[in-house]
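Look for subunit A in each of the two complexes below; its partner is subunit B in the first and subunit C in the second.
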Partner chain A sequence: MPHKTFLAFILPSIIAMVLFIALPIISVAVQSLYVEHDKVLVTVENCQPLGGCTTETVVDSEATAKLKAVAPLGEFNGLGTYFNHAHLAIDEVAEIVSDNTGFADIVARLYNLPFYRALSFTLAYCFIVTPLAMLLGFLIALAINMVPRLLKGPVIFFSLLPMIITPLIGSLILYWMISAEGILGVGLKWLFSDPTLSLKSSLPLTWITLIIYGIWTNAPFSFVVFYAGLQTVPGDTMESAMIDGASRWERIRYVVMPHLRPLATFVALVQLMDNFRVFEPIVGLSAQANATSLSFAIFNDLRNQNAQQYGSAATTSMLTIIGVIILLMPVLIRTWREYHQKS
Partner chain B sequence: MSLVNRQPFTLKLVASLFIIVWLVLAAFPFLWTVWGSFKVESDFFSRESFWHAITGFYTQKETGSAFTGNGYYGAWVESKFWKAVINTVIVTLSVTVISLTLGTLGGYALARSGRRYAFWILIAALVFRAMPHITLVSGYMLPFFQLNIWGYLPTSIIVLVAINQPFTLWMLHSFFLSIPKDLDESAMVDGCSRFEAFRRVVIPVMWPGVITTGLFSFLLGYNDFAVTAMLLSQDNQTMVPKISSYLGSIYDNGHVMYAVAAVVSATVPLFMLVLFFQRQIVSGLTAGAVKG
Partner chain C sequence: MKHILGAGVSVAALMLTATVAFADCGAPAGSVRILSNDFNALKVVATAAAECASDTVTVTANQTTEHKNIQGPALTANPAEYTVAMVANNSIVPLMNDGLIRSLDDLVAKYGQELQPNQLIKIDGKVMAIAFMGNGQHLIYRKDILEKAGVAAPQSYDDVLAAAKAIKDAGLMEYPLAASVKPGWDLAAEFVNDYLATGADFFEPGTATLTINNENGKKVLALMQAEIAYMDPATYLTFDATEIQKQYEAGKVAIINEWGSIAGAILDGKDSAEGVAENTVIAGAPTFAGGTIPAAALWWDGFTIAKNISDADAEASFVAMLHGISPDVVKANPDAATWLVKGFEPGPAAVGVIANATNGARAYPMNPYIGLLHTALSAELADFVAGKEDADKALADTEAAYNTAAKEAGFLK
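Entry: the complex of A and B
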């Protein structure tokens, strides 16, 4: 295809992606170097005929607005925002490293820093939910191959629901069920005969709730992909493995699993990318007291009604983008190598 | 094959039980919420016993019947959920149509080019696909405020289309690869230009792939929270941010059931989607995976 025709076909797409994905990333990078202006304060003297004079400090909103109009980005701060308490917290980390009472202490104190708190939950969610969801999906796919045909239709229908449900809505549905007056909340209280049990109040229980929600929404995708893969397992290989005396488990281990390997890599990649942006469940389950994620931290900065902290949000965004690229690195390197081998 | 498929009875039983447990886990939350949305709050969130939610004890007391549409009335009429529904229809339909138009053109070009830059565009799209949406949103806010285009539906539509492009391009690219090159090339030998060949030969055969991709574009627009919550003003809110804005105010007023009814209303279209397009969704999910 000549360059010109190619360009004519792809230009609209490219323009959309450059304008609304590439430029915003640059915009985020620039914003992360600035902080909001301090409010301009003035001291006013109030004199009353009898009461004498008092001085008070008030925000000069006119001057603040003027300052904003001249430099909407705010004040230049360099990499300052990156290293401050709310982000990488260089000083605090240095202090923790130089003066601590052991590994547990380091972890506990790092967890108190907002950025590391968000990062640790994001990573934990990514690397716990993804493998467990894939395992569950694989088991469902294996099991459904054995059940009567009659069950297959409804199972696929209902399995797709947790996956395509709007994340915020799905997590709300769960939130209402596990709330103290909801059916699961009451059920759990009864099961552990503990009338004060609340999934929201404790940190480990909140994490477990979020992770179970994650597995619930992620498993169907693995199931569907693995189920499709199982239909293509070569029958001859299975039969010869059987004749050679391979047990059921050995056939799964040495025939089915190697066959599904490329699919598993694909599923893992897609789910890691999606789980790294975990955000809606935290809003839906009102879990921010015990679990925050990088995406949630950005949302929180932007949502802040009093002073929208664009600088802080942008800095967290940049750090998140760097995280995504690190996560994608192995894939990018592999794709690049494969491409070069081909050409 | 028959030899391989023969299963001992116990294994079959265990598998069936496992599947039934999963079926309950997957379906029960939805069924329970749909059922509960027709009750009053003191039944659905019962302090005494969840049997009240099933029998509708207080619902009967308060409204005279075991089922009530009060939640739906409150949500749709009193708190103007219908407005959010209209906005959602506008946003999702526009996003789907525009995404597909741009995506088919681009995906076709990528599938037929085979040059080095086409490969790099695909890699860039993969990286863009991985960007958390909220990081991009934080880049939009200031420029959009400056340009005075914050808060309007078209702005959100264009942003969602752009965010959706990487996925659409990948999906349609691999779909067009499965359409034989000879088809459009023979049309070009017969004297068509590239664009004519696309219009007369490729468009008639591309609909299965386009419909599948369209379903996922629809889902992205419909399910989005990050973009629509941050970029739309209160009046232009779509369903999902509207539901989230309920949460703060409604708990105070004791109108949780409005939110429950709104949630159920927003789930119904997804139900329909799975019901009618189950095969396309499954094929779309597996298409990328089985090939790559």
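Entry: the complex of A and C
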């Protein structure tokens, strides 16, 4: 294809990407460097029904508006927001590193900082859910490949259900099922003969619930891709493997799996990105007491009581983007190498 | 197609209260556009205000639980999207901070003869909002269970804990208490209620410096811990206002700390187990730590008028809203709320809020940074109520989170 045609072909996409991806990211990056102006405070007499009159501090809105008009972005704070208590917390981390009573103490104190707490669940979720969901998806795909043609349609439909249900709704349904009166909650109490068992109040159980939910909801995507891949496994290779006396396991291990490898890389890439921004199940399962994620932290900043903390939310967003890049680095490097080996 | 169209029209009619004239309420020509939270008492007010619609007055209302998130941007626009924003102690603050609402002094002088003095929310001497209902949390308990356990009506939190112990020891209930301690907004509100009862302030006067990391803060957390010991360990972390209402109505708990606006629903006996509603007593919030202040914040709901609208629209909006909260409307809906309007005779559901007020409960603070503290408490007390952290650590974490947020918002250096 001549360069000119290629350019004309791809130009609309480039424009769209700049408009809808690059510019918003730049705007968020700029936002993360600013905090709000100093508020001008005044003390005034304040009267409310029932409570009577008290002196109360209020913001002098006119004076503050003047400050805002001069510099609408706010006050430049550099990387200050990145390093504060709610994000990377470098002061606190330095203190923990210099003065601690051992590894367990370091972990416990780091976990007490909001950003690291969110990061630890996010990473745990990412690295446990992604491989297990891929494995489950692969097993479903293998199983369905064996099902008689007549049954395939309905079985595929049921396997895709978790993907069809909106994550928030799915997690809410699970939340009610595992509540103390729900069918799963009662079932588990009976199974372990422990009347006080609650999936909601213990940290490990909450994490396990979220992770199982994640595997359930992520497996269909792997399944669809792997199932499509299975249809392209060359028939003659399989046949010759069979003639050579390879068992079913050996055929899967040495023919099917190498064939699906590029697909697995693709699925891993998409799933890692997806799982890094885990959010809905935390809201749906009301799990914020035991598990928060980076996306949840952003949500929390923007759904504040009175005022949105744009700077803080923007900073967490930037840290999330950096996290995704670091996470995908090995996969990207490998894809790049494979591409260069071929060409 | 016709059906779809019909459904669409009726949905639109529901969302935008119909602009059909019922009665002329004397509103001058203009446009009235109401934004409010979505609960029964506010619906009563908005529906009544819509009666002011005429050939020259249009009335529309958007009633949504998302009101807090849209009020700022909607009133910043010029002309503002809404002429009336219904607010409470906490949601008026961001509107004040950004100067988005107007002083109502002249409108009150012209039209407000029926208003009671305590309905006028005055900030810096200027009327900024007209309150029409009060709310707050207070005790709701089962007198039959308390009688069986042989305890008198609880007045203080010590009484509440003693009653809980007696109920448990008598084998009547394993976990007799429930309060909204679900991590999030509810948990923070519970802390604020109890802290107000200590008589101390949250901030150093005139500044945004936090002053809760002290003996008073620890006393509050100790109380919460003592209460939690009498709550069902399997479920207490999911206790918000609606959940404890359900627990109480199902007859599983004997004493709850519940909102006045829910008291009516408990008294009506719908969805309740047998014997719950008829044995229910509504009482004021208990006192705490030997003090005399009820452990409950007083809340009010009221209306404000946007700044960025024409004076004609402001006038029409004010008159329509006064019609919405007129004594006739209140008389027709006595159980919808604890009205602050002239001529309101409190029914059984309003007893708790009124007891709080007469016993000297303090109002939920209206300063500009209490919202940041509320958010910090929502998240940082979670580990404490889950029993994973001690009080010192929880208060230190709250302070650190608050300071970070207050610096970002420009309140602290």
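Note that in this section the second predicted complex is superposed on the first by the 271 of 343 C-alpha atoms of A that agree within 3 Å, B and C clash if a C-alpha of one lies under 4 Å from a C-alpha of the other, contacts with A are read in each partner's own complex, and residues count from 1 in each chain.
Assume contacts are C-beta pairs under 8 Å (C-beta built on N, C-alpha and C of every residue); 3 or more make two chains touch, one makes a residue touch a chain.
Since we're looking at a predicted model, the values are computed, not measured.
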item: Touched partner set for A:S240, first subunit B, second subunit C, both or neither; value: neither
item: Subunit B versus subunit C as contact partner of A:E56, first or second or both or neither; value: second
item: Winner by number of subunit A residues touched, once subunit B and subunit C are compared; value: B
item: Which superposed partner A:S179 touches (first subunit B, second subunit C, both, neither); value: both
item: First (subunit B), second (subunit C), both or neither touched by A:Q48; value: second
item: Subunit C-contacting residues of subunit A that also contact subunit B; value: 179, 286, 303
item: Interfacial residue positions of subunit A with respect to subunit B in the complex; value: 1, 5-6, 8-10, 12-14, 16-17, 19-28, 31, 72-73, 139-140, 142-144, 146-148, 151, 154-162, 164-169, 172-174, 176-177, 179, 181-183, 186-187, 216, 220-221, 224-225, 228-229, 232, 235, 238-239, 242, 248, 262-263, 266-267, 273, 276-277, 279-280, 283-284, 286, 294-295, 298-299, 301-303, 308, 310, 313-314, 317, 320-321, 324-325, 327-328, 331-332, 335-336, 339, 343
item: Interface residues, subunit B side, partner subunit A - complex; value: 1, 3-4, 7, 11-12, 14-16, 18-19, 22-23, 25-27, 29-30, 32-33, 44-47, 49-50, 53, 101-103, 105-106, 108-110, 112-116, 118-119, 121, 123-143, 146, 158-159, 161-163, 165-166, 169, 194-195, 198, 219, 222-223, 225-226, 229-230, 240, 243-244, 247, 256, 259-260, 263, 266-267, 270-271, 273-275, 278, 281-282, 285-286, 288-290, 292
item: Touch list for subunit A against partner subunit C, complex; value: 35-39, 41-51, 53-59, 61-62, 64-65, 74-75, 81, 84-86, 112, 114, 179-180, 195-198, 200-201, 203, 286, 288-290, 300, 303-307, 309, 311-312
item: Complex contact set, residues of subunit C against subunit A; value: 68-69, 89-91, 93-94, 96-99, 118-125, 131, 134, 182-185, 203, 205-208, 232-238, 298, 300, 340, 356-357, 361-363, 365-368, 370-372, 374-375, 379, 382-383, 385-386, 388-389, 393, 397, 400-401, 403-405, 407-411, 413
